[in-house]
Structure formats: structure tokens, C-alpha cells
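Next up: some structures, all given as C-alpha cells.
Both complexes below contain chain A, partnered by chain B and then by chain C.
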Partner chain A sequence: MYTRKHTIFETLHPALLLAYASGAPILAMLTNHPLFLAISFLAAFCVQTFYSGIRETAKNTLFMLPFVLVVALINLFTNQRGMTILFRAGHYAYTCESLCYGIANGMMLLTVLVWFRSFSAILSNEKFLYLFGRHLPATALLLSMILKLFPETRHKIQSIQFAQGGFSNNPKCGIKERLKHSMRQISSLLEWSMEDSIETADSMKARAYGKAERTSYRSYKMTAKDRRMAAFFAIAFLAVCYSIFGGSGRYTYFPVMRMDHGNILELTVSAVIYLGFLFTPLWMELQLQKGGMRTWESSK
Partner chain B sequence: MDLCISAIILIVILALFFRSFERQKPRPRDIVPIAVMSAIGALGRVLFAAIPSFKPTSAVVIITGIQFGPLAGFLTGALSALASNMFLGQGPWTPWQMVAWGLIGFFAGMFQRKNWFRYRGVLYGFGMLSGILFGWLMNAWYLVGYVNPITWQAIVVSYSASAVMDVTHGLATVIFLFALEKPWGRKLHRLKIKYGIFDGRG
Partner chain C sequence: MGVIEVNEYSFTYPASEKVVLNHVSISADMGEFLLLCGKSGCGKTTLLRCMKPEIAPVGSAEGTITRLSAEEVGFVFQNPDNQIVTDTVRHELAFGLENIGMPTGQIRARVAETALFFGIDEWIDKSVHEISGGEKQLLNLAAVIAMQPKILILDEPTSQLDPVARKNFLDMLVRVNRELGITVILSEHRLEEILPLADRVLFMKEGRIVYSGNVSEFAAYIFEEHKEYVKALPAAARIAKQAEIHMSLNPVFTFPMTVREGQEFLMKCDRKATDLLAKSIVPNSSGTGSTAKEEDARESLCLDVRDIWFQYAKQTPFVMKGLNLQIHWGQMHMLLGGNGSGKSTLLGILSKRFFADRGKIKLGKDRKMPRTALLPQNSKAMFSRDTVLEELESGGGTDQRLIRQLHLDALLHQHPYDLSGGEQQRLALAMVLREAPELLLLDEPTKGLDPFLKEELAAYLKEFTARGNTILCVTHDVEFAAEYGEVCSLLFEGEVLSTEKAAVFFRNNLFYTTDQNRILTSYLADN
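The block that comes next holds the complex of A and B.
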């Protein structure tokens, strides 16, 4: 899968990238308001397109679309609240409100999934480990070791299959024989990997693992620009949260669909702030391309 | 909303386990075997991803819990979920899966301490049940997050929709336990004694 490698956004401090990559899906999960759902979905789609290209994004989104339908239908058939009756079956009434509520919830699910698709593109595994490595050194080591073991273990499986291939892939064998062979392969894999792991552990000990604090290959410093962006993120997050919990961003589906407080101005302002927060990777990139190079250089 | 609250609770549970692991100041010899078992568990899940619900991960986690203790079992389960999702896709289900597989490993370790697994029937029953309960917990994730209000109809629909997959997962776990528990148990036990991994601790 293609991911865009060098972006302006990733020059920010990893903590900010984490705040963005987890803040966007969290905000998406918090609200049912159709406008906020639409904004978040649009942003998630654009950001994933920015990182992985339109074809990949469209394919993923289409693939996940049936889930939205399932959620909407389950809601329609199990939830009988609401005033506007679409149709009746027996003594059950199926309402427009529960269908809309289901569609909104399905869209929320879809949006969160699309956000998580770009999570690792926004925050690379290396930066993730940088953030958590200092407070949870053993856990960070475990995780980075597992990631390294993946290709290695795959290679081991291939070697074992190659060595034992003569009898394992023989279609003349019965299913019981073949199962026995594959279980033997898995057992060889365990033994080989475990012996290797002990060697790794001894070599780590010989290189004085655990004698000093864990360090990272690259280190990141909070710059003035990072602090400005952090302030922007914090303000945007609080503003959207205020709108979601406190007023204009609330939306009721039952018994009749309506906004809780009809303050259009407040809603517009928070929607614009929400857009500004979610589209950060894109506008930072555009700022550079539109001859913003000088401002960028000076602000570094 | 509910999804966020439940995610926070789950992350606190995970943090407690990982903290207690950090507290022990684990040596490389205690860390690397967990990494290997998690990698095998996660890779098993990725390799078998084509067959829905048929995955060796639970069995690998259970065997680790039995041989290396409850804490190592929990870590292996949680990290298998986290690492395999780095390939299969992270999502709001990640903390749920981490806790579910972690608890499978944890309880396997606890049962072994109580010596309940000396009857093979208990082991297979545990495997079957862990597969089914894993599926039920994943249904709970979906219900808490996306169905509101939670009516008994919604519960019946989603639990009956997943019944086949849950039973498949349970059966797969039993099959893998049947084939692997004895030989792997022997090998891990030998390593434990030969190299002194996890001696006297979690």
C-alpha cells in the first residue's frame, strides 16, 4: 500500500501527531449531529486520500459501506422509538427516526474506521515507540521486537516449508497426514524462534540492556511552531467539545429529529473550527505549495 | 460517547497490567519469549485471516499463560492483538481485543496455578469457552458503541448473527490446543528450566 512519505504535517512533534490522530476519531465518536458527522467523514476521506491516494481510499470506503447498512437496518428493526412511521408489520411500527439514527450511527462507525486507516500514516510506528518508550520501556521494547519478528518469522515459516515441502504439500496424503505435517512445521517454528530469542536476550544482556534509560534513534524537540500548533489544537478541541456537550452541537433523534439549541451562529463557528482542526495536514501542505515557503522557513 | 467511556476503562485495565510488568524490571530473558509468542500469535492471525474466525491466536495465548504465568499470558494476548492490528487495521475494537485476549491468557495462567488443567477436559472446555466469550465481548463492543437504546431484540440479532463465527473460533482453539498444547508445553517447559526464564516471578 502506498503512503505519502514526506509531508509538512509530519515535521510537527510526535505528541501533536498523536493528539491529531487520536483526537479526530475521538471527536467523531462523541457526536451524532449530522453536520459534524458530515464534516468528520469528509475530512477523514480527504486525509486518507492525501496519504494513500484516491483509489485505495475509495476501495476501502466502498468495502466498509455494507457495515453502515447493517447498522442502519439493525436499528430500524430493533428500535421502535420515533414519531414518523414508515411502515407497519404486525403490531410493530418501523419509524423514520430510527432509520436515520441508524444511518447516523453507521456513518459514525465508517468515519472512525476511515480515521483509523490513516493512523499509522500520520503517526509512524517509530514515533509511536518514541512517545511511549520512555515511560514504558519494557513494553515499547516488546512492541518493537514483535514488529521486527514479523518478517523474520515469515521467513522462518518459508524455510521450514521449503525444507519439509517434499511431504507436506503432497496432495496424495490424507487430510490427517497433512494436518500432522503442518502441526510439525508449527512446532519447529516455535523451537527455532525460541532458541533464537534466548540468543537475542543473551546478546542484549552482553550489550548492557537496561543499564541506562531507553533512548530513541531520532529525538524530537518542541519548537515554537509546535507550541503554537499545540495551542491551536487545544483551543479547537475544547471549542468543539463545548459545542458538542454544551449547546449547538447537540442533536436529538427521538421522538422527533431536531437540534437542541437553534443557535446557528454558534454552530457555524464551531463547524468552521472543526474543519480547521481536521484539515490541518492538508492546509499545512497547501500553505507550503502556495509560496508559503518563506513563512515556513522563518517560523522554524 | 459510551464507546469513549468504555475505551477509557479498557485502557486503564491495560495500563494496570503493563505497569505491573514494568514494575518487575523485566530482564531481556523475560521479555524476548513474550515477544516471540506474541509474534507467533499475531502472525497466526494474519496467516489465517482468509478463513474467518479460524485462528490459532487464542490457543497460542492460552499455552503461554499456562507455561509462563498469568501476567505473561495477559501481555502475550494483548500484544498479539495490537501487533496483528498493525497489519489488519487498527480500530475502536483494538482495546477490546487486547483486553479480551489478555484476559484469556491471564485466566489460563490462573487456572494452571490452581492446577485445574490436569484434566484435559477442563483445558478443552476453557478453549471452547474462550473462543465463544471472545466473540461475545466483541459483540458487546458493537452494541455499546453503535446501538442505542440497547434492546433485547438488538442483543438477540447481533448474538445470533455471530453465533457461527464464535463457535468456529472456539472449535479452532480446541483443535489447536489438542494438537499443540502437549508438544509446545513440553518445549516451553524445557526452555523455562534450561535457561531460567520467569523463575519465581509472574
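The block that comes next holds the complex of A and C.
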């Protein structure tokens, strides 16, 4: 799968990338205001397109669309609340509010899923490890060694199958025979891996492993730009949360759909901030493309 | 006063009578390049490991060795894969520095410097399983050098590498020695390229150092005292010795080591005598061979591989691209070619592990399907039981004669992993031979073997073909192919580009040939 690499956004400190990659889906989960839902879905779609290309994104989104419908329908048929009756069946009334609420919930689910699809593109494994393993160098090393082990083991399995293939390809063998054979291969793999790990251990000792307290070669510094961006993220997050919980961004579906405290100005401002936050990877990239006389700055 | 001194050092493994090291004394000076050689099992590895306290074997020892810290002694092991610890090239370079608690800023600077020195900077962001075996071994060297050792110990570091990677590695080792002034102690089997580089040679036999001194006199010493080790010497020295004997020259003391020195040596000799000598060393090199025996060839055809195309998965590059190859009964057929030329894949197709996407494999005139067996590159992939005996009995018992012939009778109750590389290979060979194959496919059988083991293997294979069986052997080892192959084919990019009788093949090739042919080529061409 194609993933866009070398974006200007990824030059930010990993902590900010984590704040963005987890903040976006969290905010999406907090509200079912149609406007905020629309913004978040649009942003999620655009960001995934930015990272993975339109084809991949469209395919994934279309694939998940039926779930939205299922959620909406389940809600329609199980939730009797709401004033606007669409149709009746027997004793039950099916309402427009209930259908809309279902669609909103389905969209929220879809949006969160789309956000999580971009998660690893935004925050690479290495940076994730850095964030959580920095204070635990032993854990970070362990993870790195495990990551090395996967392809190595796959290679060993292939070699074993290749080497012992002559005996197993015999179609005359019954299932019992074949099972026995597989067990043999697993035992080969275990022995071989253990044997090799002795050499790895020697190599570690030879390079002074355990001699002193370990340090780490990775480092990401918080620069002034990172701090400014952190402040922006924090303000955006608080503003959107305020709007969602504090008033203008609240939305009720039952008994009739309406905005709670319809302060249009406040809603517009928070929506713009929300857009600004979610589209950060894109506008940063565009800003880069404009090129920058901005790089040159007279000292104060 | 040397950087490291080994003084009257003796070593015995626990629960064993055998004295592995017997009063060994070595002193290595600052910046010296020492070559340690000797037959497999003569105690080289034990000696090298004893010099590095962190990985020294457990056992009873006498005598002293200068005690140095882990940073001061760098150690490079034989297997390129197993000594890599982490998952990325960058992290691997930093690993040792992290261990000694160096501050982050310094680590980053040191990693950068090391990467630039070794030319690793171009692939520093790769993961360790994306790089080749040769690159892995370079990385291992770099990771050790990054810690700024005073002395570098290498235990057969190039035995698992192909010829090109081996030369690259040795070039880099010379740079480390000459430019950084790091003392190098290296153990090796293939002396061809290394002898000219070393300052001093140590020759070990049965736990003793029996020769320590000058490189050019080393050859004279071996010719005198250890005739069985002559095969390991560079071709130039061997040819010079032949010249000395056949042309009754004055005794040679300083033998030529490199191809150029060999050529210069012969220039000084009588032209006619040299022509004769060349022809006696490289037999039946005249005539082009194949055409006259066309009819005969059709009779003895075993398999005719026609226009094979193969890819591992859809939309991946083709590994075989219209490959044609004819294999004849009773021949030892050598298949040479670079990494990734599809050599092993071809063996997979012939042994029905893979199936070609296009093309045909036709049987010979006798319409006989040969029973096929394959000896994989890594014998460890074959083992799954606790003793050699169980391993041999697993597939319905093995013929006692075969066990004796492959010298396995003394090892029957050992664990396969406790055997040495050569013994493991013989066990694997016995396991594939119990099905009485008529076509034996070998994948790099000489990897990691010393000249004696190689000769032993070759003798067995010769006998195997003499019984009317056929061998197709994939190898990087040009010298081995030239000496024991009857027919050689060159595989490149999934195609066979030439198939000739061994002697003709190596005479016609300009670069892909043995040192012996390189030295003698001008004397062979003149007729």
C-alpha cells in the first residue's frame, strides 16, 4: 500500500503527531452535531487521501459505507423516540429523528475508522516506540529485536520448507503423516532459532551489552515551532470541546432535531478552528509548496 | 610491548581430555595485521574467543592474556545474520554505543562518522533484512569499529560471503587497519586474497602455533613442512613451486602471492618451459569440445530444460527468463553466477519444489525420470531430531556403508547442532542420499568449508558420479568448479549464457575465472 512519505507535517515532534492522530478521532467521538460530523468526516477523508491516495481511500470508505446503513436501520427499527413519524407498522411508529440519529452515529463510527486508518501513516512505528520507549531503553531494544525476529523467522520457515520439501510433497501421505511432518518442521524451527540466538547473545556481550546503563541514540527536540504548534493544538482542542459541551455545538435529536443554544457566531468560529486543526497536515504541506521568503527573518 | 599479549596460554574444555590450546604465545603490535590459519578444529576459534573475556569459553585455562575491556576489543563473527541485534541499520550502528552509556548527541555524531567512513550512509535507513549478506557483514564490522576498539578480532568473517562481497569486505578491513591503525587479528580458510594483505601469519596445528612470521616465507614453510595445506596457498605461489620443480630453478624463498606477482615471476622464466608447464597444470585446455560429441550428447541426455520462465508471485519480476540447460547423465555439472541470478530457484524447479510458469523440462532419450534429491545451502534447515542416529533413521534407515563413508559412525550419538559445519553438511548429505538419488542437486556445498573438507567432499562427489549418477552443483566457488566440475554453466539474470567443458569455460572467461587461469592465460592461448 502506498503511503506518502516525507511530509512537512512529520517534521513536528512525535508527541504532536500523537496528539493529532489520537485527538482527531477522539473529537469525532465526542459529538454528533451534524456540522462537526461533516467537518470531521471530510477531514478524515482528505487526510487519508493525502496519505494513501484517492483510490485506496475511496475503496475503504465505500467498503465501510454499508455499516453506516446498518447502524441507521437498526436505530430506526429499535428506537421509537422522536416526533416526525415516517411510517407505522402495527403498533410501532418509525420516526425521522430516529433514522437521522442512526445515520449520525453511523457516520461517527465511519469517521473514527477512517481516522484510525491514517494513524500509522501519521505516526510511524519508530516514533511511536520513541514516545513510549524513551524512558525504558530496555523495552525499546526488546521491541526492536522482536521486529527483527519476524522477517527472520519467516525466512527460516521458508528455508525449512524448501529443505524438507522433498519429503512432504508426497501426496500419498495421509493427514496424520502430514501433521507429524509439520510438527517436525516446527521443532526444526525452534532448534534453529535457539541455536542462532546464542550467537546473537554473544554478539551483544561482545559489544558491551549490560556494561553500563543504556542510553538511546534517538532524539527529537521540542523546537519553538513545535511549541507554537502545541499551543495551537491545545487551543483548538479546548475550543472545540467548549463548543461541544458548553453550548453552541450541542445538538439534540429527540424529541425534535434542533441546536441547543443557537449561537451561530460561536458555532462558526469553533467550526473554523476545528477545520484548521484537522487539516493541519494539508495546510502545512501547501504552505511549504508556496515556498518561503518566510524562512528569512531579521533578528530582533 | 604489544597491544595484546597471549602468554603460554593453554586451554581445555570441561569434561574433555583434549588440550585445545597448548602453550600458545602471541604478541600483536599496534596496527599490525595478523592472519591466523590452520585446519578446521585446530583451535583457532577458541583462541580468538579467549582473547575477548566477554565471550571466552568456559574451561580450565593456564597462562595469561592481556585483559582488555569490551570496548577495546572488537569481535566480528562468522555468520552475518546472527550477530545483528536490532532491526534497522542505524540502530545497529548505535547499539554498542548505547550499551556503554554514551550521550545521545555523541552517539549520533559517531554513527554518522562511521556510516560515512564505511559508505553505509546510502542505506542507513534500511531495515536489516533488506540488505545483502555482504552488506550485513560490513554493517557488523562498522558497528564494532564505531566503538573505537584498539584491536579487532575476526573469526572467519568472509566464509559465508560470495566472492565479490568477500573482496569488498577485505578491502574495507584493510582500510580499517591502514587508515585507523587498528590492530587486526583474522582467522580465515581462503588465503588467496588475504595473504598479500597480512603483515604476519600464524599457522596453528593441533592447538599449537607452529609458524609465526613473514608472509612470503610462509609459503616456503608450508611447501616444506605441511604438504597437506598447500591447496590453501594462493595460485601464484603454487605455480611458482611447480615451476621451481619442473624447470629446476634455484630454490625459491620468497613466493609470489598475487596474480601480478605470479605473472612477473613467470616472465623471468624460460618461455618454452613455461608453455609446457602451463599446459601440464591446466589439462585438456585445447579444442572447443562440444561439436564433435553432438551425437553422443543426445544419447546421454538426462534432462533438457527448455525455455523456463518463473516468478515467485504474480506481478513480481521473473527470476528465470527463458532458461535453457541440458544436464547429462554421469556428469558433475557446475552452475556459476552472481547473487540473485536464480541459481537456487533453478534447483527448486528441478526438485519440484517450485513449478515453472512457462517452458518444458524434457526427459532424455531413455525417457527415465531421475530420482532427485536436493542438499540445501543451510544444513540446519534439515535437522529436527535429537541425535545423528535418529536423524539418519527417520526416513526408513540408512545404509551402514554410507555412514562409514561419510565418517559419521563416530558421531552417531551426538546432537546435530553439536557437530562442526563440515560434519553437519555430511549428515545432511547422508540424509538426502538415503533415497538413492540419481540426480543430486547441491546448493553452495563448499560454503564455509576449509580446503581439506572441500577435497573430502569433492572426492565423495566424484565417486558418486563415477557410479553413473549426476550432480548439478550451484556454487560461487570458482576454484572448486574449475577443479572438480566437468561442465560449467554461467547463469546471469535468469538465463544460461554459456555452457562449456570446465577447462574451456575458464580459459574463455576473462574475469569470471580462477587466479590460476589469470596467471597462465598468456601461455595457454599461444597455439
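The rule we apply is simple: the second predicted complex is superposed on the first by the 210 of 300 C-alpha atoms of A that agree within 3 Å, B and C clash if a C-alpha of one lies under 4 Å from a C-alpha of the other, contacts with A are read in each partner's own complex, and residues count from 1 in each chain.
To be clear about the criterion, a contact is a pair of C-beta atoms (placed from the backbone, for glycine too) under 8 Å apart; a residue touches a chain by one contact, two chains touch by 3 or more.
What you see is a predicted model, and the numbers here were worked out from it, not measured in a lab.
> A:141 in the overlay: touching chain B, chain C, both, or neither? Say first, second, both or neither.
Both: A:141 reaches chain B and chain C.
> Going by the contact rule set out at the top, does A:200 touch chain B (first), chain C (second), both, or neither?
In the superposition, A:200 touches chain B and chain C alike.
> A:223 in the overlay: touching chain B, chain C, both, or neither? Say first, second, both or neither.
Neither chain B nor chain C is touched by A:223.
> Thinking of the overlay built on chain A, is A:208 touched by chain B (first), by chain C (second), by both, or by neither?
second
> With both complexes overlaid on chain A, does A:84 touch chain B (first), chain C (second), both or neither?
Neither partner.
> If you stack the two complexes on chain A, which partner ends up touching A:11: first (chain B), second (chain C), both, or neither?
The answer is neither, since A:11 touches no partner chain.
> Answer with first, second, both or neither: which of chain B and chain C does A:49 touch in the superposed model?
It touches nothing on chain B or chain C.
> Counting only touches as set out at the top, which of chain B and chain C does A:187 meet: first, second, both, neither?
both
> One more residue to check, A:163. First (chain B), second (chain C), both or neither?
A:163 contacts chain C only, not chain B.
> Shared contact residues on chain A for chain B and chain C?
Correct list for chain A: 137, 141, 145, 147, 187, 191, 196-197, 200, 202, 204-205, 209-210.
> With touch defined as at the start, can you tell me which chain B residues reach chain A in the complex?
1, 3-4, 18, 21-22, 25-29, 31-36, 38-40, 42-43, 47, 56, 75, 79, 82-83, 86-87, 89-92, 145-149, 151, 153-154, 157-158, 179-180, 183-184, 187-188, 191, 195
> Which residues of chain A touch chain B once you look at their complex with the stated criterion?
25-26, 29-30, 71, 74-75, 77-79, 81, 101, 105-106, 108-109, 112-113, 116-117, 119-120, 125, 136-139, 141-143, 145-147, 149-150, 153-154, 157, 179, 183, 186-187, 189-191, 193-194, 196-198, 200-202, 204-205, 209-210
> Touching residues of chain A toward chain C in the complex: what are they?
Chain A residues touching chain C: 126, 137, 141, 144-145, 147-148, 151-152, 155-156, 159-160, 162-167, 169, 184-185, 187-188, 191-192, 195-197, 199-200, 202-219.
> Could you please specify the touching residues of chain C with respect to chain A in the complex?
Interface residues on the chain C side: 52, 54-55, 69-71, 74-75, 77, 79, 81-88, 90-91, 94-105, 107-108, 111, 127-129, 140, 143-144, 147, 348, 351-353, 372-374, 376, 378, 380-384, 395, 417, 432, 435.
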